[in-house]
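Scrolling down, you'll hit the structures one after another.
After this come two complexes, each holding chain A, first together with chain B and then together with chain C.
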Partner chain A sequence: MKGTILENGYPSIEELKNAHRFPSEERFQKGPVAVIECLQPIPCNPCENACRFGAILVGEPIINLPELQEEKCTGCGMCVASCSGLAIFIVDKTYSATEATISFPYEYLPLPVKGQAIKAVNRAGEVVCDGTVTRVMNVKQNDHTPVVTIAIPKEFSDDVRSMQRLNVAPAEKDHECCADYTYDPADPDDLIVCRCEEVTVGDIRKAIAEGADTITGVKRRTRAGMGLCQGRTCSKTVSKMIADAKHLSGDKIPLDTARPPVKPVPFSVLAGDEDI
Partner chain B sequence: MLVNRQVAIIGGGPAGLTAAIEAAKVGAQVLIIDENARPGGQLFKQIHKFFGSKAHNAGVRGMDIGLNLLKETEESGAETWLNSTVIGLYEGNRLSVVRTMEDGSKKIHTVQAEKILIATGSQENTINFDGWTIPGVMGAGCAQTMINVNRVMPGTKALMVGSGNVGLMVSYQMLQAGIDVLGVVEAAPKISGYNVHAAKICRAGVPFYLRHTIIHAEADESGTLCRATIAALDEKWNPSPNTEQSFDVNLVCIAAGLRPLAKLAQMYGVEHGFIPELGGWMPLHDENMETNIQGIYVAGDTAGVEEANTAMDEGRLAGISIAQSLQLLPDQEAEQCKAEIRARLESLRLGPFGERRLQAKNRIVKKEVQL
Partner chain C sequence: MYITDHPILGAEENTEMVNITVDGVPLRVRKGSMIAAALLANGIKVNRYTLKHHEPRGVFCGIGQCTDCVMIVNGQPNVRTCITPVEENMVIMTQNKD
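And now, the complex of A and B:
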């Protein structure tokens, strides 16, 4: 798993190439082409319908990875905004003698404008070079997924996949009101578990030591789960504490009793009912 | 006041609305009861484009799917009570509802229905650590509601705990809202959500802290969150000393999974099973989404935590089954519709992310769950 998408969060060029996600270098030399950086079999296929030239195939089952038929792809970019995962890019390595263009989905405000100088980033979000915006496409059909095209030095065209966001606030000075925290491995008994009734870890441990082996048993002894939220926040934690203390699996800790009202009701509402 | 309806649907989210549409459009008298000011459940905070196939509205943003469902619901003739909470389910298919009237007053109404669908969704799990009750520590879904529905910024610098699809998506949407996300913390050795979601926030420069957990949150003089500390986990999943890292954040989001909300089903005696793949304890159902109690149905996250696409199809399945059992749909037509939906549901559960849910659902439908 080391260094894979599951650890890094983004694919490496090797992973993309091994999964046949990268068009051939010959195809790159012929002009703009789609690079579909989709590596996991998830149920999704809008890209297939978005391509007017039939260059993207998903087929059945729907979890198939989209296959690009590179000879059919014109690099038109219709698929970019259609990808729900924002994983399709158009790379044009023939833009000029020294520059390539990268088109990518960019759903952040403010949008850049044509001619703007930007910082181009790689898949990890690291700035790798300067770039210039050559196009911002935000037509209705994109449904609020603008596609930004930037020109960058050709040597970075396999790496650059986005631009530094323009809405990043300048870094604030580090906080000074509190010192760095050092972990104390002893679980503090005063840690709150049920915040509605302010029941602590210590209270619940005591209840379990006294023989409570169900959520209801803990509730009877401590009021955990009897407050405003009716246990929707703490019941799972209480269940886990019992399971841990008694060495039981989760299925051996039954649900707490369900009784009306499942949500708190003011007495005035109950009293106002003519039927009662 | 006692109100009689053929069908009562508790919860007007993706499952409840699709069920209402299917049942009402063939003539069932349907009442949807929702505790929010607007139906649609969690759809209106899903501002991203959905996955799936064309039949699942793939490529359409969740909020737009929500708008379409509201329109279809209105056209179907289903009746909706908003700001109205079901507080109990009693013998004889009677629901106790705190209904908000047109003048804003609240009245208790009893609704009796031949068929009841419980589609109340799910509840976010919490993590208890030192400082978890400080204002500024909240569920990821809660932050998402604040940003995308209420248009309120819950903070300016955030730490996300949990790398499932909710953690990844909400991190992305926080970035879109202008919140600085300083990292995503994950106890497991790998990112658990879709890579395409992870890749989006990687390109925005958000780092992942795998095999780490949050251990501490601290408040400033005003009582609001100002700092959070994480630590690496050892092989026994305990925080290791001297691995602490602190972040100056005023928002910590917890995306530690969800579990079905099914107290109403439970109080009516619906059989539950413990299905870890679907969020733990949940009401069991058959292939028509009907529980062991005739006339009581479940769908969506209540019937096991999945996602909006599966919830909508489960809702359709329940709505058609209800219409069929009310003899509003000929058996042949109903069975054909249901078969199509089941095939779609199966396709949504294919692949490494869905197969455990698929297997769990198959176990449930085939009644192979140990009770």
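And now, the complex of A and C:
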């Protein structure tokens, strides 16, 4: 799974080429063409209907990856804004002797304007080179998904897929609070796990050391998961801590017991005073 | 701070305001916004204090899951303010303040 869309959230060039997502180099040399960087078999086909030349084929079943009939594609760009996954780009490697253009969906404010100098970024969002905006298309058919076209040096045309957002300070490198965090063995004892009952990492480590080997066992000893949110926030972390301590994978730790109601309701609802 | 322009939703057209009180202080806030958002827009970040250690808590998940942002709304405690819209004359209190 190294270097894949599942690991990183964006695809690698090798992954795309292996899945035949790139048109042939001969087709690139004939002019603008769509690059459909769609890798996951999900039920989705707006791109098929967006192409008036019949160049995109999804067919049956609807989870098929869209196949580009590269000889039919004119590079018109109608499919770019239609892709809900923002995964379609128009690449024109014939724009000039030294430059290529990349068209991509750009759902951010402020929009750039034609002629503006921008920083071109790759699939990971890292700055690759300087670029110039050649077109900003936001017609009604785009349905609020503007398509921006930028000119960049030709050698980066397989890498560049967007531009750095304007008027936004770049994220700090060490800013990791939004990552999909569960638990790290180096976490300090006073870190809160169960926010409702104020149960810390140390409390749960102690419970596990005392023999708790299920989420329910930890709950009985510490009250983690017994507060207002009913374990919605902490049970994943508790599960990971038990799995780590027992050297098991997370799916071997049984889920905690879920009982109705599925969302917090006042007692008066259960007593029949009002409808849910 | 409210979002007044959005790339998909467009410009905010709703300028209607409602009156609420927070711990006795009157505020005018945007109609239809969630209580927690209206309070953040007015610089109020603490929604409740914890029971054991009396530590301040504010918005954590923001989607109604974690119950960190609960407040006393019109006399009812444990109301998740991040998913409850403001209404005219709402009386909101910081939970477990004392």
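The definition used in the following text is that the second predicted complex is superposed on the first by the 167 of 276 C-alpha atoms of A that agree within 3 Å, B and C clash if a C-alpha of one lies under 4 Å from a C-alpha of the other, contacts with A are read in each partner's own complex, and residues count from 1 in each chain.
Just so it is clear, a residue touches a chain if its C-beta (ideal position, glycine included) is under 8 Å from a C-beta of that chain, and two chains touch if they have at least 3 such contacts.
Treat the numbers as computed from the prediction; the structure is a model and nothing was measured.
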Chain B versus chain C as contact partner of A:Ile13, first or second or both or neither: neither
Contacts of A:Arg195 with chain B and chain C, given as first, second, both or neither: both
Touched partner set for A:Ala117, first chain B, second chain C, both or neither: neither
Which of chain B and chain C A:Thr233 touches, first, second, both or neither: both
Which of chain B and chain C A:Ser162 touches, first, second, both or neither: first
Which of chain B and chain C A:Tyr108 touches, first, second, both or neither: both
Chain A: partner with more touched residues, chain B or chain C: B
Chain B versus chain C as contact partner of A:Leu248, first or second or both or neither: neither
Partner chain in contact with A:Gly125 - chain B first, chain C second, else both or neither: first
On chain A, positions contacted by chain B and by chain C: 107-109, 144-145, 195, 232-233, 263, 266
Chain C to chain A touching residues, read off their complex: 5-8, 10, 50-53, 55, 57, 60-61, 64-68, 70, 76, 78, 80
Footprint of chain A on chain B - complex, ascending: 1-2, 35, 48-54, 58-61, 64, 85-90, 96, 98, 106-108, 110, 123, 125-126, 128-130, 132-133, 156-157, 175-176, 178, 180, 189-191, 194-206, 208, 210, 215-216, 218, 220-221, 226-227, 229, 231, 238-239, 241, 244, 246, 248, 259, 261, 263-264, 266-267, 272, 274, 276, 280-281, 347-354, 370
For the chain A and chain C complex, residues of the former touching the latter: 107-109, 144-146, 195-198, 227-229, 232-233, 263-264, 266
Interface residues, chain A side, partner chain B - complex: 1, 5-11, 37-46, 49-50, 61-63, 82-87, 107-109, 121-126, 143-145, 161-162, 164-165, 167-169, 172, 174-175, 177-178, 180-183, 185, 188, 191-193, 195, 201, 230, 232-234, 236-237, 250-251, 255, 258-263, 265-266, 269-270, 272-276
